[in-house]
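Below you'll find a set of structures to go through.
Two complexes are shown next, each including chain A; its partner changes from chain B in the first to chain C in the second.
Right, the complex of A and B next:
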């Protein structure tokens, strides 16, 4: 069969888009929420109540490093990796992380920064906070497998963008066109307008998303020249000292606090992390990382680094100093870092974050309308793509649409509720929150599979609206903190989270109203729903 | 220029530019005013529209520099367009007046 370019692109856009849209919606929605990961973490850890944390002095930081080192030396004297995270705005506790050898899992403990005593679960609201959304966004909490899934979906996104532009018949004539209240026409208009108007954002965010993991997605060069060691490749590229292999000779660790002071002096920044590789071995090295300063050189795009200093742990010799806001590695790495910066919005502060947030939400809505449009078209008239199985496949797509769109929104909103309702003294609380997030998502899938599709949409959207609008009340009931108090103390992060929740709640209410108004015509369009509605009405279910 | 003020100002410059470009099209001209635009008016509207979008880019460079300015410009262009396109069918007259009312609302702080 001979086809025109537009016809074949239309096929590609429809089916390529459909099979990836559910994953892509999850990537875009959680990525968009992840733009505000810090304010979300701030809300989840109730930091509004603690108020501003006073900047620490160098003596306090030295003392914290001493306490951290003492803890690490006791739990894992010979380790592949130690890390001491100094208290800061993000977390007022002293945290230590370690890994006994390369294959062992990472472990962590939270310590009191003044006494070094290990904090028991329940002492604070332990949570992954907004980082959960960021990890969902790039790896679905599935490690390397997740990174590859996200990469494949992002490629599909770029294919869908290009094919979508080719398929769009009147990109300029329809540039400003949205005709509401016209069924399928309106869904198509909405999908087109959301996509076309955010096109620059869509291309940039998808392409830069891929280039972040370029060394993972395109490993051939590193495999051929560096035996597959990314570490060795990057050390060479960014003119850093070569990796130091384990020597298997015991060597006592020096005091880390003086090295931290040296590091701070060398890079001119307050330290945020002190990391030791191969602790207790003759090859041990200590790296002092500076704290990221969001306001320093805010108007530059590339290389907004925090700086770091590297020391030989045995001879105490300085191995390397990388100053803040500098990039090494030549134009290749600078280009790549610029793209990273474009993806992470590490510049321009809140105004830029809001622009990315709005564009990201529009992109999510574009994906959702695309998935819904697929079914709206076929509810009217089956295209019979799957022969006798068509009705069953359509039903499956409809169920996945509900669960992937409304269900994911529901799970995201529920995550905030879980954070407030889960008891504080649960072990591994942060992980438990995420497990419950997935449980809610799975429940939404079961619900979508059991209910007629229109009812499933309506009920899940109603639940989303309820959770969003109720969030400020929940916070008041569980922590005694509320919107007015947050606004009064000028805590824009807490207030921002709750006001946004109310905003989204109102949007979901508007959608529900629209669904109710459209329901009679929908049932005419859809004999199947009319039948189930009739069964509902006579109490058959 | 203060970035928050720039955000507000450039949003409305983009908005006005897009409004002018849409008024140059028959479909939207009849939505907001009546009938089709005369050829001369159409040309004037196009010129105004593109000039305003260029002005917006220049304002962005003043507020954020040439590294981040274009990023801000694209972002504001998208958000202004989204606002305009999804407001237009529900309140066409208001969507047009917003291009005037919006910037005026920014004035009072200057006289306080």
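Right, the complex of A and C next:
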């Protein structure tokens, strides 16, 4: 039997798409939320209540660096890495990070910027905030394994896009076709319209997602042409000094505060981070990073960067100075960095972020409609692909659809509630919040497995609506702050989070209403048919 | 499941999946090495540029594998260009070392 190209591409799109759709939905939904990681962190850390932080003076920064260095020298005198994060808008505390050696985990402490005393758990709402969504998006909190899973899924996305275009030949006419309330046909129309509408975005976001990790995903070129010396390769590529090998000879560390002042003078910006590589070793180097200046970075894709200065920690000689907003490296490197900037939406300010957010949500909806369409088609008439096991496989897919779509949305909404409800003084609070996020997701899987699928969809959507609509009230009850107060003081980040939550809550309510409105018109004496038709109606307008 | 049609449909499907995932990746890898010799840029930049293109090659390879009339043709379509690019890259490497 000879296959046409469209038939084989249809097969590839259906099956290749199905097995990756749940992972891809998670990548797209969390990535879309991650567009607003800073406002989400702002809401989670209750920074609206803190208000504007007065700009620091050079003496205050010097003092903070001294206190940070004292703490690091006491906890880890010989370390692969020290970092002192100076207080700023994103966090009013002094933070120190360190790692004993290359294989050790990163550790951190928060210090009072005036006294250097370590802040105890409970002093502030410790949270990963919006970074949780960003990490879900590119590694599922699973490190290298997660990065590879996301990479494989993104390749599948590119293949699904190309095969989808080949299958869908009448792209232009179909874009204006939407036949609502027609079950399977409506799902297909929705899937097509969303996919075509966001097609350029989908290609750009998928391809640039892969090229961020180009050297990890596709190391052949570097390995073949550099005989495995990746450090030499990257130093030459970025035109920066190569990292210096550890000498294993003890050496006292200099005062970092004077180096911070030298760095600030050299790059012409306030310092944000002071980092020491190989602390306590003869090979130690100190790097001073400039503070990010959003006004200088907006509308700029090439030559981004807040500047940095690098010093030999022993001789104090200047090793490298990179001024803010200067280009270093050749045109190909700039191309790759521009692709990164396109992926991270580091241009165009809030209007562009909202455009990405809307496209990302449309893409997530496209993935969800694709997954649901697969089952809607087969509920009507089994395609019998798995022989005797077909019914069981379908049920598994149905359960995974509910848990991966409604369940993940529920877990994301619950993450905001967990942030407000988990006591402030629990140890490892930020990690605990993420563990609970996964617990909610797992519970949604169990719920989907135990309930009939229509009930599972309905109940999880109802829970999503409840959590989203209740978020401003929860904030008011737990912190005394909320939407109206935030609007009154002009705090767009806090208000934006809560208004968006209300918007999503209303969308989930509309979906529920749609389900309920269509269900009673179905005959009651044939419960199986009624159920199938009602499931067909989920989201169908 | 309509793509594989030969006597052993499961085997043929497995062969295609293997060709797409592993064969496609190998082809993209060889391509990135080959192109890095040809791009008119300094060595580190040529490697980066070639690697940026390789994801498109991987995508095209997977599409090819499932569009081909048979699993054997799918493999052949990967092996021939892969071998050609590999030989060319090896020749360029030897030529470069001799020069």
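By definition in this document, the second predicted complex is superposed on the first by the 507 of 541 C-alpha atoms of A that agree within 3 Å, B and C clash if a C-alpha of one lies under 4 Å from a C-alpha of the other, contacts with A are read in each partner's own complex, and residues count from 1 in each chain.
Basically, a contact is a pair of C-beta atoms (placed from the backbone, for glycine too) under 8 Å apart; a residue touches a chain by one contact, two chains touch by 3 or more.
In this text the structure is predicted, and so the values were computed from the model without any measurement.
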Could you check whether chain B and chain C clash or fit when both are placed on chain A? fit
With the two structures laid over each other on chain A, which partner does A:3 touch: chain B (first), chain C (second), both, or neither? second
What is the contact status of A:349 with respect to chain B (first) and chain C (second): first, second, both, or neither? first
Quick check on the superposed pair: does A:72 touch chain B, chain C, both, or neither? Answer first, second, both or neither. neither
Tell me which partner A:29 touches in the superposition: chain B (first), chain C (second), both or neither. neither
First, second, both or neither for A:313, with chain B first and chain C second: neither
Touch test for A:359: chain B only (first), chain C only (second), both, or neither? first
Would you check which partner chain A:274 touches, where first means chain B only, second means chain C only, and both and neither mean what they say? neither
So which one touches more of the residues on chain A, chain B or chain C? C
After superposing the two complexes on chain A, what is the shortest C-alpha distance between chain B and chain C, in Å? 20
Starting from the residues of chain A touching chain B, keep only those that also touch chain C in the other complex, and list them. none
Which stretch or stretches of chain C touch chain A in the complex? 1-3, 5, 28-30, 32-33, 36, 41-52, 54-56, 58-60, 62-63, 66-67, 69, 89
What residues of chain A sit close enough to touch chain B in their complex? 173, 175-180, 193-194, 197-198, 200-201, 204, 299-302, 342, 347-349, 351-352, 355-356, 358-359, 362
The chain B residues in contact with chain A across the complex are 3-4, 6-7, 18, 21-22, 25, 27-28, 64-65, 67-68, 71-72, 74-79, 81-82, 84-86, 88-90
How about chain A: which of its residues touch chain C in the complex? 1-3, 5, 7-9, 11-12, 15, 155, 158-159, 162-163, 166, 207, 210-211, 214-215, 217-218, 220-222, 224-226, 233-234, 236-237, 329-333, 335-336, 339, 385
